[in-house]
Each structure stands twice: as C-alpha cells, then as structure tokens.
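Presented sequentially are two complexes of chain A, the first with chain B as partner and the second with chain C.
The block that comes next holds the complex of A and B.
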C-alpha cells in the first residue's frame, strides 16, 4: 500500500469533513455542549442517611451521638419542623420521641419513601432504640467486603455520565463519515479516484484512518477536558481508539444502506440510538438487562467506565478490549465488503 | 498499426440479460483522436469503463498502451487521464485544490495548478470553490483534472456537452494541443459536427456493436450521397437542379447544365456524419 496516497486521501477526507458546515458545527458545538453538561452535573454523591429527631433534649442528644459515616441524626426544632423536613426530603425519616418510658415511638416517612426503605429504617431504629434502652440485639453481624472497599468512593453522577458522552462523540463521527462516503458516491468522486493510481484498499484504509482519527481525536480531547484521562490514560485511549475503529466500520456499512445522504443519516440515527443503550447501564446501574452485552458499544462504555472511574488497568480490562478488537475486525471487514459491493 | 494505443478484441459486457457491449473489436493508433459516436444506451460509456478498468468484461480482451485492462489496471491508470460525462468534482474544494489533490495522487513533482487552469481558461478563478463554478467552468476543470499527469492517453466522455460555443471551442483546442503533444484521445460524443471537426477516425456504436469505423471523410464517401445543386433562371422564375456526384453520367450532366441552362448559383452538397449515421444504423443519434 502506498502511504503517500493514503495520507493524501485521509487529509482530503478530514478537510471535506470540516468543510461540511453541518458536521463542522455539530462537532464543535457537540464538544462544547458535552463538556458543559459534564461540568454542571453533580460532582459528589450524597450518601449519608439523615434521620430527623424531635422530643426530649436528652433523648435526642443521646441519639445524635450515635451517628456514624453513613447515618446521621439531626434534631428538629419541633414536631412540625420534623414533619416538614421529612416531607421536603431533608430527612429520610423522622422520629418522635417521648418522655414517658415505654410509650410508643412514632416514625414518620414521606409518601414517596419506598417500602423497602421504610422497613430498613424501622428495623434500624428498633435495634438502636432497643440498645439504648438496655435491650441488646440478639445477633451481632460481622460485615465482610469482597474486593476493594469502595465505600465512600462512589462515582458521582457526572463521572458516570462521562463514558456516555464519549460514546456520543464517537458516534456522531459515524454519521459524519457515513454521510461523507455517501456524498462521494453520489457525486461520483469515488469513480474519479479509481481511475488514478489509487487502489481500492488504499481508499478504504484512508477513510478508516480519517474516520478513526476524527472520532478518537474528539473523544480524547473531551476526556482530557473532563478529567477522564487522570487515572488510567492509556487504557482509556486504547478503548476509545478501538471504539473509533468500530464506529468507522459501522459507518462504512451505513454509507451503503441509503440511496442518498438523507437516508444514510436516517439509518445513522437508528444505529446511534441502539448503540447508546449500553451507556444507560453505566448511568443508571441496574436499569438495563443483560442482553445489552450483545450491543458492541457496551464494551467501549464498560472499558471507559472501569478505567476512568475505577482506575482499572489493562489487566482488568483485557476481556472488554479483546471483544472490542474482535468487533473492530468484523465491522471493518463487513464495512469494506459492503462498500466494495454497493458504493464503488 | 505497429504500436497501437488501444486494442479491443471481441469485448462483451452484460447487465443481466442485456448485452450492453456485444463483441466489439477495434484498434486505435498512438497519437490518434478517435471518436465513439452513438445514441444513449449504445454502449459507449460501458466500453470506456472497461477500457479504463472500471468494469471487468464478461468476455473478450482489451489493452490500453500495451497493458491488459483487467490485470494491469494500475499501469494503465498511471498513464491515462479520464474526464467523465457527469460532473464529479470535489465541490467544497477550490479548483486549485482539486487539481493539487489529483497531482499528489499521481505523484506529479513540481505540479503547477495555476498554469494548467490558465490553459483551460480558468486563470484568476483558482481559489474559488468548484461549487461556485458554472457548468462550463466545471467541465473545463474536469478536462484540466484529466491532464494533471500529462497522460499518454485521454478518455473524454462528452467533454463539450452543454457548453457555450466559446467554452466548447477552447476545449477542442485543448484536445488538439494534446494530440500535438503526442497523446492519444478517445472521445465519446453525441456531437457529430465536433467529431467531424476533431477526430481522425470515428466509430459508430449502436446496440452494443460497432457499426462502422473509419475517417469521417471515408464514411461520408462510402455511405453519404454527394450532389451538385444549382439554381437556374427559367424565364422570370428560378428553378433548382440537382446532379448526383460519383455517378457514371455526372460529368456529362454537369457539362449539359452549364451549356443548356442559365445557371444563377451553384454549390456542392456533402452528406453529414449524422446522415451517415442514420444510413449505417437506421437510427438517429438522439433516439
């Protein structure tokens, strides 16, 4: 393969990409928008459970002293203030204590508090108040944490969002590249190139190079701007590079699906939506089923999440990266075959 | 021909059941301008696509500049220039950028895009995007693009179609200049007058076959009818007389015309290539 020819064609593709006003604008605005979205998202996770108290000062003071890292008791100025605090979400629950020994203790919950939370808080209060009144718990539990203890190291919402935004940036390039190829096919410029010394494999390689470089460049810039390269830069960049190659292969296929630029863009949106689904699993853990592992972007999102948010290195990511590499080979082979048959 | 530029032997191409090119054979000499004429769907573009390695023939063989069009396309592509019928420029790039891109692909050292653009009458418009060019300017830019590698062989598909007379004339001058340089030109066109004016030889293509191939003059002599037309005064009126040339009694008829009648005007009439085409194929070009 002639590297000079490949370089010339890749430079031409990059130039044409940015001369397309729509994609140039989408790229620039997208980058600014995604970075802005990241920085306005909450940067900390509020995990402390706060339970409000109202009643005799001594009893309240004794309970406030029982607080720990994850559980805090706060005194309310009056029973009315306690109820108001529960209703507006300042307290997970409220406890109304009494002077009279043996009198029932009232727990107050907001209407929206899930049943599971009510049960857990009720059990906790029963055990705690029992212990304070001289009734020790029947069973003492010894907690064991499997693996590294991530208590207090929970991932803030904006860091959870980061892999999804990186994926979106990479995928917008899919649309851009697919549209670019479709435009070249429509305009007949591919035909003009193929009666020069340019070989088909050089043409494909140049497009793959341009598409991957554009996608990787923007995703890497985004990750750098939002601190995603702070802990494990190399694994993150490798994952993004493999992801960029994957979307390039997908773009090749998309470019052959439509008859014109608009239909190619329509197909791209459909694929974009499907590829985004795995990212919701990171953003909202437990919100997606196991089948998302069939969506190849899952491995990109997962690798970027584990590397950038949990500091995992190549040793822990090899399976994600291996699947991505295999998907890359398949997507590029399929894409080139489709281009060969449909676009040239 | 000692060292032909193009040799085509029994070339065939099919689109499904349709034989678009049906057993075509011909030879083009180096330095010739040969025109391939025919109506839409005659197989001209398919023939050019096979000769330029864009399509693989169903059967038969062809060579361009001594290289096989199937196995040695790379060698052919280095030595040819192709101008397509429909505009296929990078519209978002300037004229100069379009040419420089192709010059880099051909690895042309010291390429001067401005000089080439000046040759096709686009001096001063080098930095304008091709999208802003008129149809005529785009066509001239396409022809310029086909010349960036100083090709030994030019394939020009309808190079003057839809152009104003000035633009068309400038492209015809350019084609002649390329022939003077030593290039071979293979031209496909609908324009019989252009073919007559430019081409050393023309091939009539119809329904995938070459119906005739010769010099324009020979074709007209062979298939056309020449006549002498005269206007003679008969009393107060003018009457027309027509004497067919190339017949046994032509000389006697001409003598009698001038001896016996009062001739007012006289001129000869030759068959046009369009008439020859109809005579050979039974079809009009626009059909």
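The block that comes next holds the complex of A and C.
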C-alpha cells in the first residue's frame, strides 16, 4: 500500500468534510452543546431519605440516632414547620411523634410523593418504630455486597451520561461519513478514482483513516473537556479509537444501503438508535436486559464507563477491548466488501 | 394565493414524500422508540426498589412481596441465579428463602436470611428493602406491626413518574422529526435538483409553494403528535386543549423546517444543523428527565413553551387556565417564526430567479 496516496486521500476527505465552513462551525457548536449538557447535569446523587420529626424532645432524639447510610432523621421546630418542610421537599416525609405508647403515629407526605414511595417509607417507619418499641425483628439479613459498594458515593448522573455523549459524538460522525461516501457514490467520484493508480485497498484505508480520525478527534476532545480523561486516559482513548473504527466500518455498510443521501441518513438514524441502547444501561445501571451485550456499542460504552468512572485499567478491560477489536475487524471487512460490491 | 394550487402541491408533496425513506422514518421512529422504551426500559421507569427472591420452600412471603406495590419483586430459580442477578444489577437486594422458612418464622425467633446486595444500589433503596423484608416476614409470621401509622397528605402538587419524564422526549421527537425535516428536506432537495427554478415558470407563487410545504409538515407533525399521545394514553386528559397545543407546536416545527429549507443550500448543511441543533430542540426533555436540573434552564429553549403545556395538560390534568401564558408565548413564537419565514423567502426566490 502506498502511504502517500492514503494520506492524500484521507486529507482530501477531511477537507471535503469541512469544506463547507457552515458545516465546520455547527460541528464545533455541537461539541460545545454536548459539553454544556454535561455541565448542566446534576453532579451529585441524593440517595438519602430525609425524614422530618416533630414531637417530644426525647422521642425525636431517640429516632435521630437511628439514622443510617440511606436514612436521616432531622428535627423540625414545630408540626407546622414539619408540614411546610414536607410540602416544599426539604423532607421526603415527616413523623409527628407523641408520648402515648401504642397510639398511632402520624406520617406526613407531600401530595407529589408517589403512592409507592409513601408505602415504602411507611413500611420503613413502621419497622423502625416497632424496633424502638421493643418488637424483635422477624429476620436478620446477612448481607453480601456484590461489586464495588457505591452506597454513599454513587457516580453522579452527569458522569454516567459521559459515555453516552461520547458514543453519540462518535455515532453522529458515522452518519457524516456515510453521507459523504453516499454523495461520492451518487456523483460517481468513487468509481472515477479507480481509473487512477489508486488501488481499492488504499481507497478504503484512506476513508477509514479519515472517518476514524474525525470521530476519535471529537470524542477525545469532548472527553478532555468534561474530565473524562482524568482517570485512566489511555484506556479511554484506546476504547474510543476502537469505537471510532467500529463506526467507520458501520458507515461503510450504511453508505451502500440507500439509493441516495437521504435514504442513507434515514438508515443511519435507525442504526444510531439501536447502537445507543447500551448507553442507557450505563445511564441507568441494571436497567437493560442481558441481550444488549449483543449490540457492539455495549463494549465501547462499558469500557469508557469502567475506565472513566471507576478507574479500571487495561487489566480489567481487556475483554471489552478485545471484543471491540474483533467487532472492528468484522465491521471493516463487511463494510469494505459492501462498498466494493455496491458502490464501486 | 390560490387554495386549489396549494392543495395540489400538498398532494404532490404527500405522493413524493410517501416514497421517501425519511418520511417512513419520521412516522416510524417515535412509534419504534415508544416500543423500545416499553420493552427495554419498561421496568426501569417504575420508581420502586427491586427485590429478588430465590425461594426453595414455597414461602408465603413471595406472594406477600408480589402484592406489595412499593416493591418490584422478581423470582429466581436458585441462590446462584439470584446472586448473578444482584451482581448484574437486575435487582437491588436479593434474599434466599430456605425450605421450611415459614415454619422457622413461626417459632418467633429471628431467622437469618442470606441476602445479596447490588453494590451500585442506592443506600435509600437498601434501607427500604431491608425494612420491607422484615415487615413481610413479620406479616407471614402473623405478628402485629410494632407501630401503627396514620397518613396525612399535604400540598396539591403531583409528581411525574420516571416513565412520564421520558414522554416529553417522545412527544418532541414525534412532533419535530417529521414536521421539521419534511419541509426542510423538500425545499433543500428542490434547490439541489434545480426544480424550484422550473416551478417558478408556472403561475405558482412562492407564498403558495411555502404554504404547501409548510402545510404538509404541519399536518404530519400534528398527526404524529396525536398518535404518540394516544399510544401513551395521554390524550384523554383534555383532548381538545391538547390537540390545540399540538397544532401550535406543529406550526413551530413546520416553521423551523421552512426557515431551514430557505436558508440552507444543501442537505449536508441541513444534516450539520440537525447534528448540532437537534440537542437544542430536545433540551427541555432532558430537563424533565433529570428533575435536579433547575426548570428555568428549560425556559431558555423555544420548544419548552410547547412541551410544558403538553405535560401540564396530558400528565398533570391542568386546564387552559394553567397553561394559557405558555400558549400565548407559543403562539407569539409561531407568529414570529412565520414572519421570519416570510422575510427570508426572498433568499429562496433569489435563488430560483
């Protein structure tokens, strides 16, 4: 393969991509928006139930002492203050305590609290108040925590969103590359190149290089701007590079699916939606079924998540990266085959 | 402006548009995403903590847990399957009930229960589930609760469930995907193929052309908005008012589409705008998804004046009195957009001349 030819073709593609200054400007603006979305997202996770208390000092003090990792009791100055605190959201619920043993205790909830949450907190309070009154527990739970114990130090939503935004940036570039190839296919310039000394392999390599560099460059810049490279930068960059290669292969396939650029864009959005699904598993951990591991982007978001949010290195990520590399080989081979058969 | 010519153009748009993959996508995407949300994330969108149970002896605690609306209970064949589920985050807490568990409870002695806790579960969920298991076991053992609670509810506000928080994104997609893209791509493609030039040698006026393309986008947008609200069971709350809000939102979508179609030279530029500007359209939906983001952030985006009344009427049961300010702003934005399109029309005309 002639590296000079490949470099020239890749540079031509990059120039073509940004030839339209408006396009270049909005690409930069898009990156700014993604960064802005990240910084607007919540940076802390509120995982403690705060229950307000009002009543005799001794009873309030006893219950305040029963707080735990996920539960905190706070004294309110009066029943009115307690109700106001519940209504404005300072307390998830309130308890009006009294001196009479065995008498019902009033639990105060805001109308905005879902019924299920009211029931859950009521159960919690009933169990706790019962234990305080001397009722022995029916069961003793012997707990084993599986995986890293994040209680009290959960990953903030914006950090969980980071792999998804990086994936979106990479994927959107896929659409760009696919439409670019589609345009060349429509205009016949791809075929025209083959009457020059350029070989097919060089042509494909140049396209892959340009697409990967564009996708990786933007995703890496985004990660740098949102602190995604602060922990384990190298594994994050390697994962993004492998992800960029993967989407380049997918872009090759997409470019051959439609008759024209609009069809290619439409197909690209379908693929984008499917490839985004695993990112929801990072955003809402434990929410998606095991079959999302069949979606290749799972290994990209998982590796980026584990490296940037949990500080895992190559030793722990090798299986994700190996799968991603295998997917890259398959996607690029399939993409080149599709281009060769349908675009040239 | 002649209505007959506009109708003929709308029919032509519908005929050509119906063969476009983009139109099919604009129609199918919101429906597909509704399906995906319900299939893939259906259980995610419930607010209850998740309890897993591996029951070896037919304990009555299982039925009691399943009947408890404050929990989401999943059953597993054995302790290994439960452990794997807790490790994968499919449940927050899992308990293993051995054979003879209920009989052991009847002795009155505290029974040890093997429990698996997912490391990423929230501390609050662990606290709730621990208390719930204890209360359920006490119930199975036939014990009276140690304390009696009476409930008092204050305030009038109603909260949106997690599932409801995702719906604004769906509604925005349904209304803006087709409503904006169809007129925009139609105009841009006409420019690219030089068919605008050909159209203006006929008696057709630019106003009629824009009205026809806008009308088609508006109708598609309104149809998709109604369909998505129907599919998600939101149209029953105030159908007339909701359709009115959707109609105003559809004007915004079609207006933006026309403006982009007039201003942009080619589909590449349109794609670039979508790539960067799409997030601006959907930003209010992100604010709904994450209540910790201050709601004023959403007010900075045009589409919030459309989606806020939809949420208020469709999900919170509000009436016209609660949303009229947003509707006035939305209508004003529509008028401004229409005026902008009219002012910009010269660019398309100059191009065609």
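Criterion: the second predicted complex is superposed on the first by the 271 of 344 C-alpha atoms of A that agree within 3 Å, B and C clash if a C-alpha of one lies under 4 Å from a C-alpha of the other, contacts with A are read in each partner's own complex, and residues count from 1 in each chain.
The rule is short, and it goes like this: contacts are C-beta pairs under 8 Å (C-beta built on N, C-alpha and C of every residue); 3 or more make two chains touch, one makes a residue touch a chain.
Here the structure is a predicted model, which is why all the values come from computation and not from measurement.
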item	value
Touched partner set for A:47, first chain B, second chain C, both or neither	second
First (chain B), second (chain C), both or neither touched by A:266	second
Residue contacts with chain A in the superposition, chain B compared against chain C	C
Touched partner set for A:188, first chain B, second chain C, both or neither	first
Chain B versus chain C as contact partner of A:199, first or second or both or neither	first
First (chain B), second (chain C), both or neither touched by A:30	second
Partner chain(s) touched by A:15 [first = chain B, second = chain C, both, neither]	first
Chain B and chain C contact sites that coincide on chain A, given as residue numbers	20
Of chain A, residues touching chain C in the complex	20, 22-23, 26-27, 29-30, 33-34, 37, 40-42, 45-49, 68-71, 83, 86-87, 96, 102-152, 154-155, 157, 172, 175-176, 179, 183, 258, 261-263, 265-267, 269-270, 273, 277, 280, 284-290, 292
Interfacial residue positions of chain B with respect to chain A in the complex	52-54, 74, 77-78, 80, 82, 84, 86-93, 101-102, 104-107, 145, 149
Chain B partner contacts - residues on chain A that touch it in the complex	4-5, 8-9, 12, 15-16, 19-20, 187-189, 191-199
Chain A contact footprint on chain C (complex, rising order)	20-22, 24-25, 29, 32-33, 36, 40-41, 43-44, 46-50, 68-71, 83, 86-93, 95, 105, 110-128, 130-135, 137-138, 140-141, 143, 145-159, 161, 185, 189, 266-269, 271-273, 275-277, 279-280, 283, 286, 290, 292-293, 297
